[in-house]
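These notes open a run of structures that come right after.
Below, chain A partners chain B and then partners chain C, in two separate complexes.
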Partner chain A sequence: MDGVGDIPARDFRALVADAGVIIRFGRFAFRLRSPVEHLADEVHRMYRYHPVSLEGFADFHVEVRPPRTLRRWFGKQLEFHVDGSSSFFPLPHAQAFPLLEWGLNWCVHDAVKDCLILHAAVVEKDGKALLIPAPPGSGKSTLVAGLVHQGWRLLSDELAPLALDGLSVEGLARPISLKNDSIDLIKGLVGEDAFSETVRDTVKGSVALMRPPRESVLSVRRPATPAAVIFPKFTRGARPVSQGLGQGAGFALLMESAFNFSVLRRRGFEALADLVARCECYEIGYGSLDEGMQLVEDIHAAA
Partner chain B sequence: MEIDRADVIAWQLHPAGVIVRTLDDGAAVFHQGSGDVYVLSRLHGEVLEHLAAGRGDFRALLQFFDLDTEPSGPEDLRCKIQEALYQVMSTLESMQLVGRVA
Partner chain C sequence: MPLPDALDSGKGLLVSGVLNPEALGALSPGQWDVLIRQARLSRLLGRLAMRFNECGLLASVPVGPRQHLEWAIARVNTQTEELRWELSCIEEALAGLDVPVILLKGAAYHVADLAFARGRLFGDIDIMVAPESLPRVEAALMLKGWANSHHDAYDQRYYREWMHELPPMQHIRRGTTLDVHHSILPPTARLKTRPGLLMDAAVTIEGCFFKVLAPEDRVLHSATHLFFSEGEMAGGLRDLLDLDGMVRGFSGGEDWQRLLRRAAETGLERPLFMALHYLDHLVGTPVPGDVLDQVRHHYPAGLAGAVLDWGMQVSLAPSDTLDRGVLQRLSEWLLIVRGHWQKMPLHLLMMHLGRKALVRQS
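Then we have the complex of A and B:
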């Protein structure tokens, strides 16, 4: 199966506008159709290494297109449709790619019934994966982008499918979503080429996505074993601090990150309890990316 | 041990049952009826497990009780444990993890 980047950009744009393309990330595949050329171009760049096909099974049939109501005439809006229906508010045309990414997050969250979905990033090195759950604004994605640039394997920036025995995490290896000041910070490390256009004035501020490394995409089907859980908190100028958490405190914080607990019920409960039984949990605070990454390296070395 | 408080009160687990996972600093509890999850103290978890196992004598949990003052004798110890147990049961009752036996 070819990678998205093996198809010339112009051909890719035409395919997306016509019958669509099927792009695979981890165990999932989505068929993307859209008449929006700049969306096709962004997908072509950001999913460069992901396997693509024109036919076959797709878990989600996704379409990003103008509304068919009067809304299409106001502010050039776009809607995200999955399997023919849309549950999302339309967003401005310029936000097409973030709209696709947010919609795909919803698709994964809605589809997975055999894993506990945590709102967490996952990175792995030397066979030891670190789960990094955190609410928006905590610096999670910036930290992850920095670690990935240092050679860590990216499994996920946003959603961590945890096996119900709590022993492994699946990879998705989709683009990393960066916001506001962190965009220029990470661009300074990895260069402009790995980034989508910066979209301003979204509900999350300015947003740009960073392409996952080729190695992470190619090894995405290899699950990783969680070795530690880290709750990061970036505060500009703060001194670096790392503190171990008890299992109960870790469990309570992880509960806040669990998306499909109400579906899994007891199985989700057991998965989370198994996870905290085998992994140390930490809270880290830091005032710069370098300090944050060093704290993560220290925890990884001790795990 | 039944708990004396005006009247003798006996307690039972919610009929749907609870799952308790003991943690190093507490206990995670899953209410099998409502699906609610709680993170409670180790004592609360031990009491629930004790009830689930059908054991009646809570003196076995003595090590988990954090008594404010040294008991003056066996009767005082019994009263203090009963008082502490009542507090625990009231908390568990508010979460509908246990109920009073009619």
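Then we have the complex of A and C:
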């Protein structure tokens, strides 16, 4: 199967505007249709290594387009549609790509019922994966981008599909979402080319997405074994600290970040219980990316 | 079982998939794509998934669509557990009143263990009680945490004077919604029935606190709900396939004659004919010809009938997307206008719509 980048950008734009393209991430696929040219261009760059096809089965039929109501005449706005229905408020035209990414996150955690979907990043090195759940603003994505730049494999930046036996976690390898000061920090490490345009004034401040490395995309179907769970907290100027949380506290925090816990009920509970029984949970605090990455390396080495 | 239409049309795929999955044969990835999406949009994915599972066909489905069917089964299992718990809470609230409480629609099909209800996904629970016990039932529910969700004085009056149900009640802790009915049609509706007849004939289910409507009354209620309520047809095909399941359960001519007599007694012949007409036309349900002949004159004649028929055909057909074309939107609008026309006399309707247009909800 070809990668998105094998299609010339102009052709890709035309396909997206017409019948749409099917882009595969991990075991899922979405069909994207959109008349918005800059969105097609961003997808073309950010999903460069993802497999693409023009027909077949797609899990999510996604469209990003102007509203068809009178609203379209007031300010340039776009809506995210899945299977023809829109569940989100329209956003300004410039936010098309973040809107698509947030919409796709919603598609995955709303649909999937055969694994526990955690709001967490997953990175892997030497066969040992780390789960990094965290609320927005804790520095999770920055840490993940830094680790990926150091050669860690990216499984996911936002959603971690944990198998119900708690033994493995799947990859999605979609772009990493960076905010505010982190954008320039990571651009300084990996270069401009891997980044989408920076979108200012979103609900999360400035947002830019970073393309996942080619190796991570190509190996996305290889699940990883969780070895530890890390709750990061970046505070400017803070000294690096790392402490074990214990099973109970780790479980409670993970439960808060589980999207489909209520549908899975007992099976979700047991998956989390199995996870914390086998993986240590840590809380780390740090004041710079380098310190944070060092704490993660230490935990990884000990796990 | 006759298969309607060619299998490559969307309609044929979804209806055949739900009624007779063995006959589908091997589908292309593109056909699976259409089938899964249409089933989700028509709220039939759970039922489709359970049918595939019952027929032992799940393992033969390609992995992409199969995971959607498996997710739907997980959703159905969760719904079943939540429904059981919710019903036990309603029973606890109402058991002391010693009044008959009748479950309607989805929850009723579930407790009656009807085959077509396996995998049927639904939102709210509907119960029906006699009008005279309504105040006690409402009070007992409020004591156990169900609260009125419409606080506006106008909305309260709208429901309490003109509608066949209380304003929807929501549980303050669980967030679940309960609709408490005292009839199956608004008192203001053009179509009149006698809810007491339905309540008197309701049947008990062994080991269950709740009653359910008698089998022929279930058909009449489902048909009335589908063709004579607000006119919103988003779940129309699902409801039509419920009706298919109910009449396929009939054992012979006697059941059909009982249904016709009952429709005459309750004044619900028009909804019954519409149901039988579309079951015959769109689903291919085996409805005896002499039964169709007996109710045919209840369908509107001339242009009005033709327009209604067109609107219904468009709205009951499965769709690939919720994105409506011009014709679909026109038919939806027509059916909503018709729904409101059926629901209230013109002067009340004008007052109601005028108020809704002028007074914005805070």
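We take it that the second predicted complex is superposed on the first by the 303 of 303 C-alpha atoms of A that agree within 3 Å, B and C clash if a C-alpha of one lies under 4 Å from a C-alpha of the other, contacts with A are read in each partner's own complex, and residues count from 1 in each chain.
We adopt the following convention: contacts are C-beta pairs under 8 Å (C-beta built on N, C-alpha and C of every residue); 3 or more make two chains touch, one makes a residue touch a chain.
As the structure is a prediction and not an experimental result, all values here were calculated from the model.
Colleague: Considering only the touch criterion stated at the top, classify A:Phe261 as touching first (chain B), second (chain C), both, or neither.
Modeller: After superposition on chain A, A:Phe261 lies in contact with chain B alone.
Colleague: Is A:Leu78 contacted by the first partner chain B, the second partner chain C, both or neither?
Modeller: In the superposed model, A:Leu78 contacts neither chain B nor chain C.
Colleague: Counting only touches as set out at the top, which of chain B and chain C does A:Ile299 meet: first, second, both, neither?
Modeller: In the superposition, A:Ile299 contacts neither chain B nor chain C.
Colleague: Check whether A:Leu209 is in contact with chain B, with chain C, with both or with neither, and answer first, second, both or neither.
Modeller: So A:Leu209 meets neither chain B nor chain C here.
Colleague: Answer with first, second, both or neither: which of chain B and chain C does A:Asp59 touch in the superposed model?
Modeller: So A:Asp59 only meets chain C here.
Colleague: In the overlay, answer first, second, both or neither for which of chain B and chain C A:Ala252 touches.
Modeller: first
Colleague: Touching chain B in one complex and chain C in the other: list those residues of chain A.
Modeller: Shared contact residues on chain A: 262, 265.
Colleague: Taking the complex as given, what residues does chain B use to touch chain A?
Modeller: 19, 21, 23-28, 30, 32, 35, 37, 39
Colleague: Considering the complex alone, what residue numbers of chain A touch chain C?
Modeller: For this pair, the touching residues of chain A are 27, 29, 55-59, 61, 81, 83-85, 111-114, 262-265.
Colleague: For the complex, which residues does chain C have touching chain A?
Modeller: Those residues of chain C that touch chain A are 29-30, 32-33, 36-37, 40-41, 62-65, 67-68, 70-71, 74-75, 78, 81, 319-323.
Colleague: Which of the residues in chain A end up touching chain B in this complex?
Modeller: Counting only chain A, the residues touching chain B are 246-249, 251-252, 255, 261-262, 265-266, 269-270, 272-273, 276-277.
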